[in-house]
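Below, chain A partners chain B and then partners chain C, in two separate complexes.
Our next item is the complex of A and B:
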């Protein structure tokens, strides 16, 4: 935001800095990998499973958040609540059959965020304000409907969303599928390209006659679908749910997006970068856990590393 | 009449209009049963104001210069923990260290942003996670009790049945902020920096210093909120982030602070906070279930988001033209 405003002498930019940053990234990546592999027990099936699980739930939300960030709308504070609410819808409608419940949860997630996307896209309402409004409405609405009670599954068939296939947790398979679909939308569909254009220069995109409002709405809809999927997976794993299920996921998701190197200004980044970001954070958390750091220190070190990585990225991306 | 409504809806007066509207609606719902207009309700409104208000003020100040200080949510918890741990024998030392930590974190994040030219969301998100981590480490992920109960009692003791020392302290900070913003050149410089940073820089303003100063103030406000809250609860614990940030941002925006910068005032923010507090305490005083408050807040926020949307007028005009065009077309066909 203020990058272009700084006098040239104060800036860190230039080709040399970019090479330095690239080198720093490689060194950082290599040292994380070495540190991880050198940690006893990191490659054990138990720890790999823990890693995959940690990646999956937050990863789905982070993929969705990437779309919001990429279209230049910074972040949504509502995705965590969308996760919880979709999980509740899923659990409550399980009596209709597993696929109907899944589709209902997905449709609900899409409806919640697409409505916000319409406001942001068509009349350029403030994305953060709209997401806080959505958060309040979801929390109030959920309390109104459930009376604050936990929701337990009204049917069976949860096996579809938990357990493992060929030794890999099903959650991880769903997450990887989400990443592939997300990256496909972004790179190989017209609307995906328009999303990136809107993010990098909304005025130019409008002037070029692209359907910018539709692209923003679609980006929000994708975010809702991803959050709903995360909600379904969480519901299946824990077998019951309330509005606390996805609380705080918004912050973890945006941290993963930024650590992956997607620009907070929008227009530059990818879903694959978010996959890297989620993985880096999860690897650090698992390593800290295995090395016997207390939970408190894990929070602190993860926070500091996120801050450092965000600084590193933005310095490197300066023209 | 038109002039009157125009004045009421003017950006600078709108927070107060919304607040008056909220109070009026509560009074109508109350219909003279006296549950809403009681000293008890006013006292609880002011208690809520003391916590939410200062966080909203800090966040709102950062929004005035077109930044967004997410780290306020982490600062509330950290400052509370610092104060509770250091202020057992001398509460003022706890206040000093807690607020000092707020200023230090604000200055540090401001310098990082200015020096590296980063956007505030990224830096303060990292700051938020780091501050929260520090809180976990300091408190050992437990609730830390504050043995000096006398301080807690004194902070919450009602003055004239309406306010407490804590809410008076929060009000005093608001008055101070309002004085600085209206009576000194700092206020003018802050607004100028938020409206157009490049132009302000060209006009000879040291905008870097303004931004760092604003972040220091924002950290200090959030820290003071945390210190007062922890003292009056007699305990500190790592707080849930979403519980602080979303209402604070909502209050600041209801209070007329524009996210595009340069618009808003401390008194407006105070009105925004009071609106939310009146709704929350008022609704519960009347006996409405608590979740209605969330729904009402959500609806108000949607309305403000729509009214403030820059393209609303354009879309409306386009839609109207389109409609009148369609109506005219058959006539054109006749001739």
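Our next item is the complex of A and C:
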């Protein structure tokens, strides 16, 4: 209807808009790459390391966030707190052994986030509101249990989650594994396909008798697992933790998801795109750092770039 | 001098010409009916006159002056008011507030008392003199809301009232009240344009009737000078020609048996036995309950009750998943909203409901799915090269074929439930879809269609069930029914006469 009211010249054909966006993406990607390689010190081991680290912690959360966005539930504001809380659980239960602690943290992340998915999927609760409630509960619960104290590891074995293998940081390996598993779920499993369909058109998915609520819950469970992994990696790296550990990760993660080109409306996108989004943002940040921009300016420029990318996609998605 | 006239009006949407050279004139104190089949251009005409669309050709004359209506506000200032099908009242606000809501003539500082008095007098004119101004609109019935809407337009000094199927969802008593209000408006000197599908109403309330067909004006007549049969001829006009395939009925065993289906608040005691290899058409207008029957069978209404069995197996109602498992497939007319996954590609759409058969331990057999998609695309006549393009790049007709393709195949033929199978589909693709329906029928499927297009019903059905306000009026076997009987049944001319 509104498209019919627009003069023909202002209307984008679906295919034409997509080609425009693709071209813009390629140009932007190429210029970022040139800019990065032209920055002295970008290829030094130190900066590559910094890049991989920045990518890994936020990347795991971003992979999880992709699932929430893809199923049409926009984002969760609770994943950052889930990262922190899982890290605390991991540290506190290290005395039970490293694997038990890891599994406990993972189970915690899955349970907390899947519970939100249940509310969103079965009761059709508003996903943003549910995640805000989850955030409050986690922060309040953690303050009650820890009394606001930092948590230090109750056992050993942390090196399993830090250090390097063949010169690559272990964190990055875990992150790449997460990307592979995430993409596998999305494109090779039945539940992943149903997630895409629910995200594309929830009413059609219901009418077709697909298990929509189950798929949404599963998507949240995956997001929880990814966040917990990020929490464990952070805890291992810093050797202690509090609820500030993952603060703000939700925002960085959704920025990466959107910059990668996953649609905020759901149904279109992938985990590999999120990998690209995370990398692009991290590269920009590292380049700005190397070129000596102040931290405030870095935030500003990154914000502007994210905004530009999102506007570009909005144009491409307009019917 | 006519107070409103259009001359040579033309409107195109892309390549489709929806109005062609339409010329009409409306006098003061005239009630004019506009009739025509779905897609004849009635609503487009109204939208041009009320400033929603701009015409591509022709002129509009208000009080004899050529006028370019730029937007709905402008139309309002000229005294042209649209009483929309979807009511535009704010349910949480009071009657008084709703009447003045959006009125640009209310100054920032105003005397509440005066507004109350004027609202009360407007309400009195439409027969709501007893209504308290403080009542929230949410407490009013749909019929009363329409009357409030009329009163609202009166306070805006409207001279021409446009009503688009105002009675589609109303009961007899409420319809009578609307008619009384319209007669009162006419006595006040107002003019009314009245779009309706119900032919009885044309003769009950209107002075003149204009008939549109395929975007062209077929003619304008005084209602005293013609009868129902002549009006119907004007509406249908063309022959039913080659659009519909020829076929021989080969009914098989019962595929779908429905007993005592109730879907509150519309459908009462619906019964049907549909045989394999046949097309059953539920014919009815908006509000007839035909759509609700289909949705209930597809498991999409939460309050349906009754006994339904599919191929002898009892079906649990109110679950889309159960319906799907019983090979009961619903094809929605709302392809974008409820039918397809437009952001996914054609292939993914085709296999959407078949993932369970093509996965093991939750992992998809992607090669099998690709082969399945290719096979289905061939069966419905979609180019295999398009399997990877997004579904929203397909035309309306091809999208409808996609919806078909998704619902067929996989062992025993099942039951297809289709609402308005050719809505928004152009003429060429229509014929193709009808052939597709017949082909499926020959392959042993049972098809139940809900349609408000009488030509389509007569051209396609083995069995016609006519419906009016939630009840079955009659059941005809192929060849027993004609246009007049079906139209009479679904517009309930018997009661009106």
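Going forward, the second predicted complex is superposed on the first by the 300 of 319 C-alpha atoms of A that agree within 3 Å, B and C clash if a C-alpha of one lies under 4 Å from a C-alpha of the other, contacts with A are read in each partner's own complex, and residues count from 1 in each chain.
Criterion: contacts are C-beta pairs under 8 Å (C-beta built on N, C-alpha and C of every residue); 3 or more make two chains touch, one makes a residue touch a chain.
Computed from a prediction, not measured in an experiment: that's the story for all the values here.
Residue contacts after overlaying the shared chain place A:189 against chain C, while chain B stays out of touching range. By the document's definition of touching, of the two partners only chain B reaches A:297; chain C does not.
Judged by the touch definition given at the top, the superposed model places A:129 against chain B, while chain C stays out of reach. In the superposition on chain A, contact is made by A:140 with chain B only, not with chain C. When the shared chain is aligned, no partner comes close enough to touch A:53: not chain B, not chain C. Look at A:39: by the touch rule set out above, it reaches neither chain B nor chain C.
Once the two structures are superposed, chain B and chain C can be ranked by residues of chain A touched, with B on top.
Contact with chain C, but none with chain B, is seen for A:210 once the two complexes are overlaid on the shared chain. Across the two superposed structures, the residue set of chain A contacted by chain B and also by chain C is 5, 265.
Put simply, chain B touches chain A in their complex at residues 66-68, 112-123, 125-134, 136-137, 139-141, 197-198, 201, 207, 211, 240-242, 245-246, 249-250, 253, 259, 289-299, 301-302, 304-306, 308-312, 315.
The part of chain A that touches chain C in the complex is made up of residues 4-5, 14-15, 188-191, 193-194, 196-197, 200-201, 203-211, 263, 265, 267-268, 319. Touching chain B in their complex are the following residues of chain A: 1-3, 5-6, 10-12, 74-75, 77, 80, 119, 122-126, 128-130, 132-137, 139-144, 148, 247-248, 250-251, 254-255, 258, 264-265, 294-304, 306-308, 310-311, 314-315, 318.
Chain contact summary for the complex, chain C toward chain A: residues 13, 53, 298-300, 319-325, 330, 332, 337-344, 348, 352-353, 355-356, 359, 362-364, 366, 390, 392-393, 406.
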